[in-house]
Amino acid sequence: MLSFASDYTQGAHPAILERMSQLNLVQQPGYGEDPICRSAREKIRAACACPEAEVFFLVGGTQANATILSACLRNYEGVIAAHTGHIAGHEAGAVEATGHKVITLPGENGKLRAADLEAYLASFYADDAHDHMVRPGMVYLSFPTEYGTLYSRAELTAIASLCRRYELGLFVDGARLGYGLASPSCDVKLPDLAALCDVFYIGGTKVGALFGEAVVFPRKAPQCFFTTVKQHGALLAKGWLLGLQFDTLFTDGLYAAISRHAVELALQLRGELAARGYEFYIDSPTNQQFVVLSAEDLRRLSEKVEVTVWERLEDGRAVVRLATSWATTHKQVEALMALL
Amino acid sequence: MLSFASDYTQGAHPAILERMSQLNLVQQPGYGEDPICRSAREKIRAACACPEAEVFFLVGGTQANATILSACLRNYEGVIAAHTGHIAGHEAGAVEATGHKVITLPGENGKLRAADLEAYLASFYADDAHDHMVRPGMVYLSFPTEYGTLYSRAELTAIASLCRRYELGLFVDGARLGYGLASPSCDVKLPDLAALCDVFYIGGTKVGALFGEAVVFPRKAPQCFFTTVKQHGALLAKGWLLGLQFDTLFTDGLYAAISRHAVELALQLRGELAARGYEFYIDSPTNQQFVVLSAEDLRRLSEKVEVTVWERLEDGRAVVRLATSWATTHKQVEALMALL
Amino acid sequence: MLSFASDYTQGAHPAILERMSQLNLVQQPGYGEDPICRSAREKIRAACACPEAEVFFLVGGTQANATILSACLRNYEGVIAAHTGHIAGHEAGAVEATGHKVITLPGENGKLRAADLEAYLASFYADDAHDHMVRPGMVYLSFPTEYGTLYSRAELTAIASLCRRYELGLFVDGARLGYGLASPSCDVKLPDLAALCDVFYIGGTKVGALFGEAVVFPRKAPQCFFTTVKQHGALLAKGWLLGLQFDTLFTDGLYAAISRHAVELALQLRGELAARGYEFYIDSPTNQQFVVLSAEDLRRLSEKVEVTVWERLEDGRAVVRLATSWATTHKQVEALMALL
Amino acid sequence: MLSFASDYTQGAHPAILERMSQLNLVQQPGYGEDPICRSAREKIRAACACPEAEVFFLVGGTQANATILSACLRNYEGVIAAHTGHIAGHEAGAVEATGHKVITLPGENGKLRAADLEAYLASFYADDAHDHMVRPGMVYLSFPTEYGTLYSRAELTAIASLCRRYELGLFVDGARLGYGLASPSCDVKLPDLAALCDVFYIGGTKVGALFGEAVVFPRKAPQCFFTTVKQHGALLAKGWLLGLQFDTLFTDGLYAAISRHAVELALQLRGELAARGYEFYIDSPTNQQFVVLSAEDLRRLSEKVEVTVWERLEDGRAVVRLATSWATTHKQVEALMALL
């Protein structure tokens, strides 16, 4: 059955599997201290134009979020996120389980606005009782957001500048980073992230890898971050499996190329749907499209295609997420269009 | 370079990689709700002779330990382990990070003795101040232990019976379970574990898989365990990768066969070393052998083979761990012997 | 300097101090296992018409909230509160520090509405992804709320009934309980709370005691709650100091009488201010009054009286909290009125 | 009934209660921001000869321990304690509940030995796997220890010097500090503690106060420690009650004087018991004496006096703790002796 339900329904780019087979029986040291991981780290540093960056490979996004925040926040600090942020709603309280509050601000189209952030921070420090409250310690953004939207470089810079003024860390969740950077609407590049953030990660799970997120600390990792990774159950014994995937993705621009492919298909889908008069819930320039379908359209479509119902509207219609990925084919997009 | 440093230096059994390649582009639902996971669960239930068991697939051992204990312990409870238990010393405080104390008892050859457990429990409840102390909530054993040793069925039964008397859960960490079950000295079988434990896991990472541990609750999983797994960052997006590995390992007795192979090689190594007069630190009937080497022997060996120095003795000698795995070859064992 | 800044600016009702002096050198067992605590528990059970209730004495409100929630919530559960709830904003993340999320719903005048709660719960369970989200485990209300408002018995009953339908615990923070029960607008009595809640506490710190909150589990306390209290650093060594205070307050209706006194003064203040044309931010029938003052009025008043600025409005005016307590005198109220 | 069961069976020094009554109805700001607290802090700084010290008042010992450790340890760090340390066994896992491991070393007579500490630290950092282990972040000592014993200045200095070498904080739990400093065997003074420790506290609960521990950071408190105190439910609303007690105790040498009184009685008791041939479990120079009694002696004594049975020996005898306090009278000691 055809599926546009998400961007993690299939395995890995074939180049990864092939290399995995080649190296399968070569003995490697554990825990990421192998030459393939070293090579992958070097390539990521180069891609970020950040030769001093410290790079760690974790398995998944929720794990990366909780591990990073646990290492970066002091015991009395919380993390600020848009109310739609993944850590705020869809990680089963992973951040709170490490003892930290997720402080939510209303987002717009999935994005945190610098103006809202500034208002919150000003009001926090103006409150006589703020020593009785969770101290904001870090800002969490996702890029692209959970709604497929992007921050412009100017928007990111404004937020980063607020973070510096208020001594907050800036953390970008890049679970779908490739699909953001590859969008024609995007004016942010990897070196920009490295310049603006204290930590971000480059998503593999949704962008060509079987699993894996490359966590980048452009300046300095928190002390003993390796131990924190272990403590969070996030240290893969056969760490070279992660290194191998990122090393492959960051060779000859593969990560960028497969991301571009996915975005092109998504935008093609968007164009054709718009041409046929479909309404969009949100204007997404990346690999996830949120289209509004009537109950009848949804019923009919669901017989042939797996999609994610994002939200049911009060008028009976539904917001449906259609996600493309590195593995989506032109033929699949055509098959989908034929059903709509 | 030859390595006997551990049992997780290589990839996966080729049958796994082959099947991964075959299914690579087939679209699957996420988070373990796919048909391959269902099939793997069914095969594990059958192998455990426990049709009601609930089975979950996690990525690694430290992760599995913290997730299981967090779900099974009440806020005021701790877990009892031998002082050499993996959770007590080598998981960077993962259990404490979830708020629970690891209560250590002196072990013998890596094993918790029923007599010590009983003495501790009797003394705990006899202490007038025990309401000011961490309540024991669960017993953690590893099988085989960190020293390669095994509990007999009688020993396990004695511990399980104490657990029931004192209303403690019994949890067996089976990161190397295959290598235990496959030992000629072992009189415990999977259905015994299912009958005696509240939860245990079947290790994949060290026994033929790229990664993965199959967590088995023979009777009933803790409520909302899926959510706890997510909260601990232990829910693999592409859960079918875990299902596929265990489904393959539990087809046609592969798991047992490759485990037996590793143990046979280890026992061959043990026999030859003993014949040559080497002393053993501990008598292990499984895939890990702990041999005592002089400083000179160790220096010479280390030039050609990677081994793990387990402990340095006061007389200058060292305890060296030699681990075989499903992937070790006869040739490698011979090469090692040629160097000793 | 005159102060209406809060209801915890003074010591204890003189009857308490007197008795403390009398018993000062009598030797008592520690940790609340003394006869005075037993007597106090008995009196509270009688006042709640709940002979089976289990009663514990803790020192303060934030401590009580975190201890209770840590004992009542399972690891994957969070607590629902109005966004203005004390645990949501003014306890420095004490609940999150125990690993649990505070799930906030928009409140109205400090109150959680049954309709909002029902909508949230229905939508939570309708969401296909709810297993990836923090499970609601308990509802937290404050009575009176942080804004001095009260739930009617009908409102409480509606919420309690939703809690039962959705298997949620119901927890009422009664840090100012006396001032709620004593309000002429209140149709809830202690036995109603005992019938409707799973746990609530009777505030002492703000209502006649030096410190102390009496936590009541009308049916059954969580297992080993004593140990949880110890774990949270909330077990007073000289527990009889808590017992003595509640025993005194629950003798001859003292708690009710001193609460009534405070509320009468507050309502007198409200009446006189209203008569002089002052605007109120919220209509509070209890001991806290929230009056809107011009910048000039506030400046002038602040020279002579300590008040709490609750919020600064955009038009330059300020919401000022005026709190009476068991210790406030008619003369103080007159002095305040003379300044306004 | 006569009780030597502990040193917290009675209220407060009468000077405290008297002053509490005098100030009972004076309005004070909350949370320790009042003039009495300021005065008490100043007096403590003077007594410590440490004008820069930051001083906080908490309610009890377990609370102080967990709050301090939570503020001082990084997420991946644990605290080292003697296996008999209070945090290791008698605080219901309060430290672990904040996510940190208590790393226990075997103590001698309740004391951690510098040699054991050094051996542990050397071996920790020599272990290739130490990045997989809980990093030691702080050393916890109690002074006097749980067994009434004392560290000499030389011993404390040796430990402090190891702490500096290995970048560990040094924390002294002084729940019974007065009874240590007042011992004729003690060559440590408050300014020594201030010079050697990163944090310590001066116990009030057991030494003349109703409750309260004065936490002293001789150099610098952890950032936002006030917020951490609030987060741990350890911030007393009427903080002036704590200030008042310590202000009184640190006026005209009251704390030292009442401590001396208790120790003198304890040593008198020790002398007389020794003269009568009683055996001591441990040689304690402070207010707690651990005497070995036959089963018959214990039975007979228990009819008339409350004592704490510390441990039952295998030969049927029992170790009994006899504690004096600031409130113990000569007459009580004589009454006890008459029964032995």
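Letters A, B, C and D mark the chains in the order given here, with residues in each chain numbered from 1 onward.
Methods note: contacts are C-beta pairs under 8 Å (C-beta built on N, C-alpha and C of every residue); 3 or more make two chains touch, one makes a residue touch a chain.
This one's a predicted model, so the numbers in the text were calculated from it and none came from an experiment.
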item	value
Pair with more cross-chain C-beta pairs in contact, given C-D and B-C	C-D
Of all other chains, the one whose Cα centre sits farthest from chain B	C
Between chain B and chain C, centroid-to-centroid distance (C-alpha), Å	49
Length of the line joining the C-alpha centres of chain A and chain C, rounded to whole Å	42
Distance from chain D to chain C - Cα centre to Cα centre, in angstrom	33
Residues within chain D bordering two or more other chains	70, 75-76, 91-93, 97-99, 131-134, 227-228, 230-231
Complex contacts: residues of chain C adjacent to chain B	70-71, 74-76, 98-99, 131-135, 223-224, 226-228, 230-231
Contact footprint of chain B on chain A as seen in their complex	1-3, 5-6, 8-12, 14, 17, 20-21, 23-30, 59-67, 70, 91-94, 97-98, 205-206, 210-211, 227-228, 230-238, 241, 306, 327
Touching residues on chain D, where the partner in the complex is chain B	75-76, 78, 89-93, 96-102, 128-129, 131-134, 309
